[in-house]
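Handing you this structure, nothing more for now.
Should a chain be cited, it is by its letter among A, B, C and D, assigned in written order, with residues numbered from 1 in that chain.
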Amino acid sequence: MDLLEYQGKQLLARHGIPVPEGKVAASVEDAVSAAEAIGYPCAVKAQVQIGGRGKLGGIKIAANAEEARAHAGAILGMDIRGLTVHEVWIEAASAIASEYYASLVFDRAAKAPLVLLSTRGGIDIEQVAAETPEAIASLHVDPLLGFQPYHGRRLAYEAGVDADVVRAVGEFLAALYATFVAEEAMLVEVNPFVITPEREVRALDAKVTLDDNAMYRHPDNASLRDLSSEDPQERMAKERHLTYVKLDGDIGVLGNGAGLVMSTLDVVAQHGGAPANFLDAGGGARADAVTAAVEVILSNPKVKAVLFNIFGGITRCDEVARGLIEAFEQIKPAVPFVVRLDGTNAPEGRTLLEAASLPNVYAAATMDEAAERVVELTR
Amino acid sequence: MSVIVDKQTRLCVSGITGREGSFHTLNNRAYGTQVVSGVTPGKGGLDLEGIPVFNTFREAVAASDANTAMVFVPPAFAADSILEAADAGIETIIAITEGIPAHDELRVYAQLRRAGGARLIGPNCPGVLSPGKANVGIIPAAFFREGNVGVVSRSGTLTYQVGHELAQRGLGNSSIVGIGGDPVPGSSFVDILELFQDDPETELIVIAGEIGGRAEEDAAEFIAGHVTKPVVAYIAGFTAPPGKTMGHAGAIVSGSQGTAAAKAAALEAHGVRVGRTPTEVADLVTEIAAK
Amino acid sequence: MDLLEYQGKQLLARHGIPVPEGKVAASVEDAVSAAEAIGYPCAVKAQVQIGGRGKLGGIKIAANAEEARAHAGAILGMDIRGLTVHEVWIEAASAIASEYYASLVFDRAAKAPLVLLSTRGGIDIEQVAAETPEAIASLHVDPLLGFQPYHGRRLAYEAGVDADVVRAVGEFLAALYATFVAEEAMLVEVNPFVITPEREVRALDAKVTLDDNAMYRHPDNASLRDLSSEDPQERMAKERHLTYVKLDGDIGVLGNGAGLVMSTLDVVAQHGGAPANFLDAGGGARADAVTAAVEVILSNPKVKAVLFNIFGGITRCDEVARGLIEAFEQIKPAVPFVVRLDGTNAPEGRTLLEAASLPNVYAAATMDEAAERVVELTR
Amino acid sequence: MSVIVDKQTRLCVSGITGREGSFHTLNNRAYGTQVVSGVTPGKGGLDLEGIPVFNTFREAVAASDANTAMVFVPPAFAADSILEAADAGIETIIAITEGIPAHDELRVYAQLRRAGGARLIGPNCPGVLSPGKANVGIIPAAFFREGNVGVVSRSGTLTYQVGHELAQRGLGNSSIVGIGGDPVPGSSFVDILELFQDDPETELIVIAGEIGGRAEEDAAEFIAGHVTKPVVAYIAGFTAPPGKTMGHAGAIVSGSQGTAAAKAAALEAHGVRVGRTPTEVADLVTEIAAK
């Protein structure tokens, strides 16, 4: 789960990391009164889960109430790479002596958390890695030993932070690691964190991704989910415990197993089609899950045809056929379906479908054939 | 021969009395796997159709001489069960459970690495099938036959799809290894490639990868340096948009990292033939096997 | 630092371990009103840092206010193996279905914490180990991995606790381990902890030793030190940062280095003497530390003679001589001193002492000779 | 030869710029020890009478090729410094610092054990002296001469006392090893006995123990099974009352555990001669050496 900047900062603050004072606001009036309470200059920041919002006009500095009103008015409701801004974060502007970068990620190959520290803050880290790799210090932390004070010193000296803040930066990294572990994050990135003229460390941004699998241990964090900015189909799918990702095309896709669904999308694309979604009905999908999945797929008005690609393992093809028949009874879809059933109980499933003789439903023998057919149907 | 599971496998199932656990345990036994015991705390002394159940792995190992564990318990208890199995001396642990918190996994890997010894397959994986010898997990064995193609995959159904197409072409498998779809799996492509390279029964290897991470790139480098057997690859997720998790927790393109195109390119650069569809993979394997 | 029972229980309660409700009282009146508030039956328990107080009359059950008054009156001020009872702990009596034992200690050889669990609670564990070793389950915990749920199950099943409380006992052990680590204890022993008829776990006793070296990280715990029950000489020494242990004899002993001082006590005893104390002036002892040490030694009225045994390494013998001369100027001791100086700057030290010609101070060339002489002087 | 420190020792001192650290560093160098670098965070780039100071152990090891560390920092920072030294590839770590929290020590031991590699002497120890070769720590070298008696001890001054008496009788030492007085030392008697047994220069071994724990009992068993060289022992603390810590954190009789009498009995039962006073120890050694 990706957090908004201000949620991430609240998480950091919980672990002792200094962040600027601020307030979140969903209306221009609230934004102005937040700015008045905080004082000027203050920053008005769009709260969207996407990088680069500054360049796109999503961050403005206000010197007075008038400017705060103007900026909040401009930013609230604006579209940033497809995401609508529903909230702004108003925070006291910080005086900056140095801008640094720090992050914690999972390194898959090393099977350990990786800490990155750079003295080139405020810039995309991939750009820094390409331009000045020597400006990035990194090390793996042993998950059993944890982040040690000497790790902090090593990173700080190797990255070349100002000598007088080595200890403070080390403590900041330790707190970042504590946040990462305690909150069970997959990513914690602070770009930039700054050294103020008073030589204090402060986090000016926060990009935090939490582990959905661990959310049961963090009920407080679960409530941070930003439902309002989620896509309506994705929200609907989540409520039905389906794994669904909305895409740009017009062919609805359902399959069982993440790999097979990804593969189906690829094969559809190879045949010139544009998938409208990724939907994994899961291992052992039952009829009611299939019915629910059809509802989700068809709630996207762009969908012109639907492809079912099932290779039954634990999933039984007759169950899938029953779910599809049920869905047709309930929804009476207006678009054509191509159905490929293979694997466990495939003959039974095919027989059921034939017997139901659903309108506009076509059987296909292979994945390739199914993809070809569904693409034709959208032409 | 074959890899990871075979006739010598003596399986103990953690979570044997659960609905899924008992179903697949009996399935695996029906296939011919030696299922020697199970563990469910509080159910010690009972049995599942003759398979004795113990309260702890230590008791189970002492009584049944198990060398392999299959973990079927819910995610909140799975890390503990894996550690318990390793602590009891189990050599191979196959964790089927999906949804184990990532930080739990990290602690488990660090502990297994230092304790030295236990090999972990998964979590969030379909298990390992060595056709004609043993099946540990949820892979539907009916689609596979005995043969000389080793398959290692991050995805379950995709593997079945490939295995099925191979079987239709008359080709069988030495072993099918599902390493699982989590971002940081217990065993990587490289770990399994090493086993297949050393397995005399395996003559050809298929790896089925997907977006996210750089396990396929690492595999490509390893193949170039250490694998003399022919390798055919498949990568799923060419159409996946960046920043979206595609079903598997590990299947995500982050910025410019982990794209299917980059993975396919890396493999091809190291001489691995990459099929663009599962069918094409089966065709390539058939072509190579026929030589 | 050894805690009193009630302090230990407060520490356990801080980590979620259930303990009976109770109050501490230093007077009979306070004890009675505590008992009235808690209700009857209640236990009146002497708070002394020593085992076996129950058998010695230090724990009584009161059924009403009259009995509470009588018990508190009897216990407060009583002497238990040389320790005076200054406080009693009044707690609600617990209904008991089973009595178990649990402890966490440092295993020196394994370099790891050792957990012990036994179903024979309320009995000295050394006795259980001798009589029924199979009733004790034990395991080492890896300090980096920590106590895992499976450790709890293994211990509970191996010790043979009632099947319905396996999980509860495991969670209790986990909380005990958490206490041990978080509070940096050297020992946590709960004997007994009980299963109530409602099948709940409850700690009825607590013996906790905290690591003095870690006390700087636990300022709250540092205040638990039970100064009132400490020996006056030991308290005086602690205030002067000297390592002093009071013994029963009449020969004051000072040396530098713990091993050498222990050895000196032994040699004195071999010559028929009885040491009055252990006092390690430390490596690199300076003159003022020596002066302070003499004051501490002589504040024990039993001391009839004093032995200085110095083997100078970092400690310089001339510094020790200066400290002794200073002490004589300030205190004018009435008892004889035997002084053995060897090692670094020994000739200088001896010369200084000779020049000062302190009354009643005798030089000795070797440790043996010094011990023999000081024993003679007390005859 | 000798054990732990010798002419090959290349020492890096953690806390080199502190009062004690700088004093003993220069003392050790004056004795002939190769002191190649020091570490004090924030003082990198400075030097102590020509010995370069670095901010981190990694830098120090890279620049000076140090293989041994001496740790002199205050207790709150010592565990971190030991871990840093080990992480930087240092093979031998001698920790002088007294008062390191016990739980810090446990974490350090567990980490050193799993990382495999670094040997830790101490903490709370006087160091190691190999007369005529190298001195690392605070042992006053003047009382010892070169020779063939290996000494391992839990106590500093007691060791000086014994060494001095040996020197007066004309006997010298291969190495003097102070393992320290904490309850759980980094290296035990057994660890050092093993080194002395394998050291051709050591012909006779003295161990100086004290009350608390069962390190001497373990040593007795080890000697019976693995040590062919003659061993003489001393135990301090026969008059120590139970339950009282006698100066060293580890010197405490707990209930009936850890008494001097039990230790002496265990050693004698395994054929080790135990002197009742330091003088008697020196006499016994002289007697054996004369044979």
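In the analysis below, contacts are C-beta pairs under 8 Å (C-beta built on N, C-alpha and C of every residue); 3 or more make two chains touch, one makes a residue touch a chain.
All values derive from a computational prediction rather than experimental measurement.
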| item | value |
| --- | --- |
| Contact distance in steps, from subunit B to subunit D | 2 |
| For subunit C paired with subunit D, centre-to-centre distance based on mean C-alpha positions, whole Å | 27 |
| Separation of mean Cα positions, subunit C and subunit A [Å, integer] | 56 |
| Sites on subunit C at which at least two other chains make contact | 142, 144-145 |
| Multi-chain contact sites of subunit B, meaning residues that touch two or more partners | 107, 111, 114 |
| Topology of the chain contact graph, where touching chains are joined (line, ring, star, complete, other) | other |
| Subunit B-touching residues of subunit C, taken from the complex the two chains share | 142, 145, 148-150, 153-154, 157, 163, 166-167 |
| Contact set on subunit B toward subunit C in their complex | 41-42, 44, 55-59, 77, 80-81, 83-84, 87, 107, 111 |
| Subunit C-touching residues of subunit D, taken from the complex the two chains share | 75-76, 99-104, 106-107, 109-111, 113-114, 126, 138-140, 142-143, 153-161, 164, 181, 183-184, 188, 208, 210-211, 213-215, 218, 234, 236-241, 244-251, 255-256, 260, 276-279 |
| Complex contacts: residues of subunit A adjacent to subunit C | 144-145 |
| Residue ranges of subunit A touching subunit B (in the complex, touch as defined) | 106, 108-109, 111-113, 126, 142-144, 181, 184, 186, 211-214, 216-217, 243, 245, 247, 255-263, 265-270, 275, 278, 280, 283, 311-315, 342-344, 366-368 |
